[in-house]
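Read from first to last, the chains carry the letters A, B and C; within each, the first residue is number 1.
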Amino acid sequence: MRDFFTVSILVATIASGIRLATPYLLAGLGETIGQRSGVLNLGVDGVMQLSAFFSYWAVLETDNLWLGMVIGLVVGLVMGVIYAVVTVVLKAQQGISGIGIFLFGLGFSDLMFRRQVGTPKPANQLPEIPIPLLSDIPWVGEALFEHSVVTYAAFATVPLLAWMLRSTTFGMNIRAVGENPQAADSLGVSVAWNRTFAILIGNGMAGLAGAALVLELGIFQPNLTNGLGFIAVALVYFGAWRPVGIMSGALLYGLVAAVVLQWKAQGIIPRGASDIAAMAPAVLTILALIILAGRVQAPAALTRPFSRH
Amino acid sequence: MTSNRHLLRLLALLFSFGLIAAACGDSTDDTSADAGETAESDADSDSEDADAGGDTLTMAIVAPSASDDLAFTQSMIESIEALDRDIDLQVTDGTFVVDDAAAAIRGYAEDGVEVIVAHGTQFGGPLTEIAPEFPETTFIWGTSSDTQGLENVFAYYPAADQGGYVNGVLAAAISESGKIGVVGPVEAGDAVAYINGFAQGAMDSGDVEVAITYTGSFSDVALMAEAAQAHLSNDVDVLTGSSQAVVGAVGVASENGVPWFGTQANQVPLDGELVVASQVYHWEVVLVEMLDLRDSGTLGGQAFEITLENGGLEIEFNDGYELPEGAREAADAAIAGIIDGSVDTGA
Amino acid sequence: MKRFLGASIPLLAAGIAFLFGAIMLLAIGASPWEGLKALLDGAFGSWDRLAATAIKATPLILVGAGITIAFRTSVVNIGGEGQIVAGALLSTSVALAVPDLPGILLVPVVLIAGLVGGAIVGAIPGALKAYASVNEILSTIMLNIVMVQLMNYLLRGPLIDPREVEAGTRIPQTERLSDNASLPNIVPGVRLHLGVLVAVLAAVAVYILLWRTPLGFRLRAVGHSPDAARAAGINVKANITMALSMSGSLGGLAGAILVFGSEGQRMVTDGSSTGFTGSAGFNGIVAALFGGLHPLWTIPSSFLFGALLTGATNLQRVLQVPAPIAIAINGIVVVFVVSSGRIREKLDRMLDARSELDGPSGDDTATAKGASA
């Protein structure tokens, strides 16, 4: 215990927690936008795996990290178009079609990896970019301001999305079609268009999350996400459909995981208990859900396809 | 309704763009994936040559992880390919689920494959049923130190603690902070033997601390990477680890310029500069004995171990990494000591 | 007519999905025709392979039938993976505790233990939803994670094979389980074990439960409209808990059958749930959906997916096409089937006038609604 509370260890643990939180945050924020418009997407994990593979492959072949990020985004958007057709145009059951997208992503990324790359070859990793001045602040600088560009972008998106949802017409339309599509429709707000845009934003961010995950590691392997996308969906409920709430959830999840790893490294958690410790984030999330449940309301039209009749 | 139709059209347009993009991706892929393709066609022509040679042995392997995982499965495939025989090898990889593997093993046996490698301890259960059904077939099964009393099963296992010990000696010689980090998936199998041997070797050769983290998951690469990061924040300056998921940890080592020790297969492809040495499994040493026994009419019933002594374990050094003075000598002394029995690896 | 069309649309969707599969095969340089042959040969090529297909279908039938109960009560159960693991762990523990019980007793005992294990893990999200308004999608996902870690802990610690500890290899597996507990074959000379029969009977039981018992009526009433059900004096909360608990119990039964019907005759983990379940918890959802969320239709639908999965193993063996292609095809099937629900609805409406001639088909309409709701 004594070792854990040294400043350098705490700083390293916080930095590690923030790194771990980034993909959860990106995917969770995207899912939030979709759900605020009334569309549940359980396929996040599959989208992340697909974008992670294609992004990794692009970087492996070209060494161009920017291209990798763009490919991740594009794969996310393509999956978003498919999901919009399925859920908005064809009005399919959302929970289940998401599972379909998940299975497709899981299988197809595995197939492509084995056929096209095979062995886990290291690709370029996202560099850490210290922010001038801020990163010079003792301790805080190292913990908060020495990360990759994706991490900064993910956290910068939080106030941006909060503002967008609260104050822009687009944000209000999205909330309207998620709460009361009939009323929105009668006021001339297109339910289909707004939901489609929300889905595209959500899947695009899931795509970025996949790219962020794989490029932070510089390596791909089948089932890379290991269920991360599902946890991101859970964090949306945890965060009560608010960007700041999602951020808190992602940070909690990341930090708990980082603390557990740090304690394992220091031998504070005995080796025999390491599986039990690995349950901690999931158990904490369930506890948080119990505490929060009943105090927050889901978007009223969540998972309900909209028809005029 | 009209807006819906417009939407549909737009989506159709976007979708076709997506498909075109995917198609383009595919075509670039065919050229860019040249390496993989040629490797495969090589394998094909090999087997054709073998066919032409006449006296070809048909072999198959069923393995839990990918055939080029730079670890457990790759070590066996490379060993079979290194055998000085005409072999027609068929591979079913990435099959951890026992019943799927059993179906594949049985399928090969039904096809008349002569020698089938069941490359996973968990496949032992089905073998007790399958092996007696196909008494003419030789099954090679590991890692296990016994054949479960089956007459047409050979078993194999690695003395992974031996190479672990040597890597540990080297790690202690390299470490300046006196702290060495180990990451593993689940405390099991030859990973444990390797890691325990490693810790023993490191501590026998100096005043060093060895911190060991098991993440609890074979597949979570990201967690493995952060586990390595956690070690580094505790002043660890040398890392090693076991399992396929270490690729994440090697990435962390590369990023931070920290030396890395590999096991199971040569991990230099992951980082040409920082992988100091790898314990490599040369199963061919015992495979040769098994196949010779088969030729002379013994289809199984014996267990084999690969060790430093019989050459089945080898420490492969990376020429790209410059060892401090005396380290190589210490490692060679440890190898000699293990072979003559004067060094106890703690196993 | 309507019945025929209603059934043909998912088949059409499956056909399109397989077309995509053929495209994927072409893209990776394999012949779709050879692929199809390998697939069919692997799934139906011999009695043993047919049996392997049936055995692969077994957990899908059970999980799928369980999913039907949940969906008919308007709750979602994505916790199949965790429930399978729970049932497997409890039944394994029981078999380890009383290995010498004769088979005639031990087999039913381990199967019941599986039911109980799954029921407990299903009841948790059920109760959390009913009494604490916790969304069941999330709690089931989280419990999947918890159960995997519990499995890893138990198989590395309390339940580990003592020989593994002695040898120092510590592979996370139990000792070889008592032969008395292993599920007997039901057809001489073919590896078709009792589990298949149990699963089919369980699916029939779910059908009877949902449409022929007062409990089933209450569950469906809650699923149809919680408010109306409450007004009619039905305890909505208890029924929601009950639905997820029963749904989970079938997953748990699948877990027990996976352990005691396995040729491995022991439980082993690679640290993930997939390594043990082969994703049956998710594939069961696919099968249930393809069967229109009707427990009886889940049976043939599970056989279809079982065939796809066993066929894919053969595809890999014969053509070296990685087996994950089957998972990808599964995903496409799901997407097409749920999308086609809308088309089916339209057809239903078109044919409504004529459908009266077909006689009563209440279940059929319910099926169509279930699939597209």
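Before moving on, here are some points about what is shown:
Everything that follows uses one rule, which is that a contact is a pair of C-beta atoms (placed from the backbone, for glycine too) under 8 Å apart; a residue touches a chain by one contact, two chains touch by 3 or more.
All figures in this text were calculated on a predicted structure; none of them were measured in a lab.
Chain contacts in this assembly form a complete graph, since each chain touches every other chain. Greatest centre-to-centre distance from subunit A is found for B, with centres as Cα means.
Separating the centre of subunit A from that of subunit B, both taken as means of CA atoms, is a distance of 32 Å. In terms of their C-alpha centroids, the spacing between subunit A and subunit C amounts to 28 Å. Under the contact definition stated at the top, the residues of subunit B that touch 2 or more other chains are 94, 187, 216-217, 219. Residue positions of subunit C touching 2 or more other chains, listed in rising order: 149, 152, 156, 272, 274, 322, 324. Residue positions 82, 85, 114-115, 222-223, 226, 275, 278 of subunit A are each in touch with at least two other chains. Of all residues in subunit B, those touching subunit C in their complex are 26, 64, 90-92, 94-100, 102-104, 106-108, 110, 121-126, 129-130, 143, 145, 185-190, 192-193, 196, 216-219, 347.
The part of subunit C that touches subunit A in the complex is made up of residues 24, 28, 76, 78, 128, 132-135, 137-139, 141-146, 149-150, 152-153, 156-157, 272, 274, 279, 282-283, 285-286, 289, 322, 324-335, 338-339, 341-343, 371-373.
Residues 3, 8-9, 12-13, 16, 19-20, 54, 61, 74, 78, 81-82, 84-85, 88-89, 114-122, 125, 190, 192-193, 196, 213, 216-219, 221-224, 226, 228, 257-258, 261-262, 264-267, 271, 274-275, 277-278 of subunit A are the ones touching subunit B in the complex.
On subunit C, the positions that touch subunit B within their shared complex are 27, 42, 46, 48-49, 52, 55-56, 149, 152, 156, 164, 167-173, 176, 262-266, 268-272, 274-276, 278, 310, 313-314, 316-317, 320, 322-324. Across the complex, subunit C is touched by residues 40, 42, 46, 82, 85-86, 90-93, 95-97, 99-108, 110-111, 114-115, 222-223, 226-227, 230-231, 233-234, 237-238, 272, 275-276, 278-279, 281-283, 285-286, 289-290, 293-294, 298 of subunit A.
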